[in-house]
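Two complexes follow with chain A in common, the first pairing it with chain B and the second with chain C.
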Partner chain A sequence: MVNLNTIKPKNNRNYYLALGLEGSANKLGVGILKHPILPSHESGDNSHHCQAEILSNIRDTYITPPGEGFLPRDTARHHRNWCVRLIKRALEEAGINDPRNDIDVICFTKGPGMGAPLHSVVIAARTCSLMWGVDLVGVNHCVGHIEMGREITQAINPVVLYVSGGNTQVIAYSENRYRIFGETLDIAIGNCLDRFARTLKIPNAPSPGYNIEQLANKCKNKDQLVELPYTVKGMDLSMSGILAYIDSLAKDLFKGNKKNKILFDQKTGEQKVTVEDLCYSLQENLFAMLVEITERAMAHVNASQVLIVGGVGCNVRLQEMMGQMCKDRANGQVHATDERFCIDNGVMIAQAGLLQYRMGDVVKDLKETVVTQKFRTDEVYVSWRE
Partner chain B sequence: MRTLDYTLEIRIPFPEERMATIAQQVLSPDPILKPEDFQVEYLKPATQHNNVLLVKFQSIDERVLRVGVSSVLDSIKTILETMDEL
Partner chain C sequence: MGDLITAKYSSPDIPELHFTIDVNDKRYQTTNGMTTGPSEHVLNAGQIDRDRPSDPKLLSGSSSDVEPHYTELSKLRMHLTGLQDDINIFLTEQMELAKKKKIKLHSEEEEKRIDEEINELLDGGDGDEEDEDEGK
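== the complex of A and B ==
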């Protein structure tokens, strides 16, 4: 039995308010979240049923020109430029005039992620905490995604597929830890898609993955997949090989290398494969690999539900393929959130951070707020679940 | 082993002592990546109003010094903006 009401909100309020700050990659997110005190939280296992109310959820994305990725120094500069503005706007939107008394806890992303951008945000978090006399809580970015997904979808103990630009993990909950059952051996799937988008020089707005999805939808040759390496390794998968290969196909296509048998008809020299075909085949191939390792994890823990979190979770085709597997396998369901919560945001950090705070986890010395690029999902002790 | 011969001191006045103390506390926790190349200290010297933050840099050469100072000043800018606006 878990009691989520041990720590009381400030000023005899009957609700908690948390400020969440997220900046581990190129998205800077500020969110303000409210949890009412519920009798159902005195005991039981109800951390996915917080009746959370989102008072504000603001994000600004650092978007680079087509063909370029985002580098740590520029991303950190973007976050520094926008951080205070976004916090101010979020407080105004939530109607908070007295943060000192209105906010219970400031939650920030401790890791994993890019060092300099994470650091830009933590400087602001520490300053607000000391200025207002409000407690701080450091949150694991992956756990933030998971807790937001659980709260929004109300999924009961699903296998979680966490897929983003920086992470690709298959996670299942067991004995107070989010355990990693399978993951990428090299790059994340979002990174694979983003880098292919750079090769194609398509725009990065609103996000490179979205634009690849749109191109894939336009494919007119859906029954003729371009054969790509399929690299599932047991519970894990690898994607650097598939990226290298499809990059070389794209380069040959742009150069008009007629010797490439896959791209050009060897007799007529006619182009057989388009950019849309490549995008479609890449997605089908990568997503099939994800479905396989997710299914393997489901078999291990006897689960029938899948929750997809992380930026790549916005992809409708991935949701479709996963949903089909869940239905075929165990008459189960796939759960996903929309782009407000799939894509990195401040509210998810507030959600996980508030659960941590309510269980008594709080920063006692600022040395605990040093950010870290590496932070494994299973390092977090999940005290708010049975 | 090169010694930290290149130094710089920056004094930043704050409107009140409390803010200078907060700035010192916000900057101090982060470790330096290469302590043999660069060191920084955040001090609060005794002055008339105790509202000054003294930052002392030491480095093995000018380039490392410039990079380090630039990075600390960026953090200080964020602290100042937060104090100003929020």
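== the complex of A and C ==
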């Protein structure tokens, strides 16, 4: 029987406060989260209903010039030089003057992610923990997304589609693990979109994926998709070939290669396809693949809810397509969150970390705080669910 | 301020190397290190550096024009920046040395092989010894 109230909050308070630090990629997030003690948490599976209150949720993104990705060294430098400033701002916004007494636990991203940026943030977490005498909890980044999504949307037991710059997974909960039903065999969907944005040399602010979405919205030939490879392999999918193909089309378009039959009319030499058309077709193709494997996972576990998490989860077109699929299935529902929670943030790390902390899972030796680039979702024992 | 910070390095080749700081040296009087800036690659791509570390904090009443007096934490940050530079420069040198050793080793092997082949040809071989052996 799960009891989330066994560990008491500091100073006999009737609530817990957690500080969450996230920095596994180019976003540095610091969030402070409050959980009241609820009688409903003494037994049963109510971890999706914590009545969490977000006291602060601050993020700063390392943005590179158009056409460039983010290198580990420079991203780590960004996190190193902004981390203290962001923690100070988060504490101030949350009205916390004495973190020694007020914060119950500091939660940090243990992995998966880019090694150097993860290192920058864990050093800040260790320092705060030693300075304030506050417990530490290492959190799996993917589990952070799932738990935040469950708390915000109140989805009880959904099939989770986790789509971001580094991950693409279809997940369902079973026997204390978030099991991976299907995933990418090569690059993540966000990586595919970001790299195509680099080829197009469109800005990386606010995010390359968002700018592709805006270009796709401007497409005037929505009934004439550019044919792209459709690479679903059982429950898995592959996106590197699609990227290579559409990259070559974009390059031919920029070069004005009139020999390309897909892009130019061979008789008149007129351009048939625009950059907007390519963005739209790429989105439709990739999202259709995601919808297909998600639907198959729903059928496997007999689920009626889908929860979309991760940075690509903010894409309105993906939410629409998933909604259409759910509508076609009896009583299907799609749950998604906005950019505050979809895109990497500190609060999601605080949410998952606080659930771990309330189940007694804390770091006992600093050796346990070593971060790791590889940390699969199903490696985490989900003690806070039945 | 108490003891100054130090660092220690050891490896199979170098049993022990100590890094210490000199508070009067300019390299230990800045928070903006020589080796901890943005990479050349992003600067060449047009990146504007907005991620610089903050400047050290002056004690109230102190002026940066005359003899500046910094807070203890800022002094620590400056010392660490210089020490990190020293370590980074040393480790880069070690990497370069390791690379050179590898190239030298590789070229020595290559030279030896070429010499052997030339000698074989001078001794009347036709350079196809291996193929002939395989044929047998």
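Here is the rule we use: the second predicted complex is superposed on the first by the 386 of 386 C-alpha atoms of A that agree within 3 Å, B and C clash if a C-alpha of one lies under 4 Å from a C-alpha of the other, contacts with A are read in each partner's own complex, and residues count from 1 in each chain.
FYI, contacts are C-beta pairs under 8 Å (C-beta built on N, C-alpha and C of every residue); 3 or more make two chains touch, one makes a residue touch a chain.
In this text, all values refer to a predicted model and were calculated from it rather than measured experimentally.
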Review point. Does the chain A-based superposition show chain B and chain C clashing or fitting?
Key: clash
Check your understanding: Touching A:Ile87 in the superposition: chain B (first), chain C (second), both, neither?
Key -> first
**Study point:** chain B versus chain C as contact partner of A:Glu53, first or second or both or neither
**Key:** neither
Exercise for review: Please work out whether A:His119 is in contact with chain B alone, chain C alone, both, or neither, and reply first, second, both or neither.
Suggested key: first
Point to revise | Dominant toucher of chain A (residue count), chain B or chain C | key: B
Practice item. In the overlay, answer first, second, both or neither for which of chain B and chain C A:Glu68 touches. Key: second
Check your understanding: Between chain B (first) and chain C (second), which, if any, makes contact with A:Met131: first, second, both or neither?
Key -> first
Exercise for review: Would you sort A:Glu227 into first (chain B), second (chain C), both or neither based on which partner it touches?
Suggested key: neither
Exercise for review: Pick out the shared contact residues on chain A: the ones touching chain B in one complex and chain C in the other.
Suggested key: 77, 80, 85
**Study point:** chain A residues touching chain C - in the complex, by the definition given at the top
**Key:** 62, 64-65, 67-68, 71, 73-74, 77-78, 80-82, 85
Review point. Contact residues on chain B for chain A in the complex?
Key: 22-23, 25-31, 74-75, 77-79, 81-83, 85-86
Review point. Of all residues in chain C, which touch chain A in the complex?
Key: 36-39, 41-42, 45-47, 51-54
**Study point:** Touching residues on chain A, where the partner in the complex is chain B
**Key:** 76-77, 80, 83-85, 87-88, 91, 99, 119-120, 123-124, 126-128, 130-131, 366-367, 369-370
